[in-house]
Amino acid sequence: MDDIRLVTGLLDPNQAVDNLAVAASDAGGIATFIGKVRASGVEALELSHYELLTLPSMEALASHAHARFDLMGLVMLHRVGELAPGEPIVCVAAAARHRRDAIEAVDFCMDHLKSAAWFWKREKRGGEWQWIEPRAADHTDLARWSEKSGPV
Amino acid sequence: MDDIRLVTGLLDPNQAVDNLAVAASDAGGIATFIGKVRASGVEALELSHYELLTLPSMEALASHAHARFDLMGLVMLHRVGELAPGEPIVCVAAAARHRRDAIEAVDFCMDHLKSAAWFWKREKRGGEWQWIEPRAADHTDLARWSEKSGPV
Amino acid sequence: MAVTIIFLGPLRDVAGAESREVPGPLDWAGLLEHVGEAVAEQLNEARVNVACGGKVLSDKTQLNAKDGEEVALLPPVSGG
Amino acid sequence: MAVTIIFLGPLRDVAGAESREVPGPLDWAGLLEHVGEAVAEQLNEARVNVACGGKVLSDKTQLNAKDGEEVALLPPVSGG
């Protein structure tokens, strides 16, 4: 059971992960990562995407994760639009027979969503919007999977 | 905010992780792993522990995780007693400024809980109880952190 | 019918628009001409990709957009 | 007062009991004597640890448990 979506309203990770746990009831483990807008620091965050590429690229990423890890289900939810401090931006969860597959699949998907998927992010601080590029660390993280470094 | 506990009743991961998210509101990410009794296969699972060592060893493991990773909070809940198929056995969650600290801390804690913490596990199949030793893979996983391989 | 050029992420601010309609067909030279100097300068950087009809071009200079197609200008991404 | 020997995990089945009270003080030779042959055999394996008073002994043969203390026999673990 895969649940790959762009989310325009408030993202509810628990709901999606609970559904995964029910659907993949023979999984020995479920790993989850939830990325959030920090409660303090920014006034708002905006995620933009490109209709013709973004969701298809997430679906391709899910296929790569399935090919690489032994998974029983995968959740990949990504917010788009304007987000308030504290709101979840992204939720990736993987159910697997063995824990390392679940944990590594989440790690793999997050590295790709951070710096190799079709999203553009800007932050509002002091009333000013500013575009954010991936940190150098994000590119290093991605390179660990030794694949082409371009977006999927 | 750390929440390190042995749990005798049903383990509720969502509650603990939601509390972590609230307490560590400046965290950019929360990684979670939930290990469960598979829904099919075994009739029951029993986890035993040793009062004088088990919880102190989990607290020591939490300290090691804090020393090694930049964390804003850590949840480590482990069931003891008899568990039914489908029930959660263990929940580890870490909140951190950056996602790799959160994901790696969960990975680190799980590897140690699996094969280097004071728990003993047996499974009931076909009416017969059988003690389970860690898989060879669990020891390999633990060795990745290149520490002494004995229980903490 | 026309070709729609979509400006993504920071290129939206550089272009001062989310999209622009130009007459088709559209090739690389035509694209550089239509988007204005500031966007053209960024387009020449390797890290800016171009998609046509929902496919990212492996060689953007080979762009050949037909009437009715969408051409997207894709600066470096940052998600999560 | 006495020393309480605790049998953990599979050693519980081997010993046929969760614990046993023996007169203190208790050293390594005394422990091997009191637990019976089957448990003693396992105790001699390096992968079985011994704790005294809540501390795991780095050298179990140096056991020296006083009256009232708990001695725990710890076979290989498996959690999670």
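Residue numbering begins at 1 within each chain, and the chains themselves are lettered A, B, C and D in the order written.
In the analysis below, contacts are C-beta pairs under 8 Å (C-beta built on N, C-alpha and C of every residue); 3 or more make two chains touch, one makes a residue touch a chain.
For clarity, every value in this text was computed on a predicted model and none was experimentally measured.
Touch-path distance (fewest steps) from subunit B to subunit C is 2. Averaged Cα coordinates give subunit A a centre that lies 23 Å from the centre of subunit B. Separation between the centroids of subunit B and subunit D, computed from CA atoms only, is 26 Å. Put simply, the C-alpha centre of subunit C and that of subunit D have 74 angstrom between them. For subunit B, the set of residues touching two or more other chains reads 35, 99, 110, 114. For subunit C, the set of residues touching two or more other chains reads 80. You'll find the chains touch as A-B, A-C, B-D.
Remark: subunit D residues 6, 8-10, 12-13, 49, 51, 53-54, 56, 70, 72, 74-80 touch subunit B in the complex.
Residues of subunit A touching subunit C in their complex: 35, 47-48, 50, 52-53, 56, 78, 89-90, 110, 113-122, 131-134, 138, 150-151. On the side of subunit A, the complex with subunit B involves touching residues 14, 18, 21, 25-36, 38-41, 86, 98-100, 102-103, 106-107, 110, 114, 137, 141.
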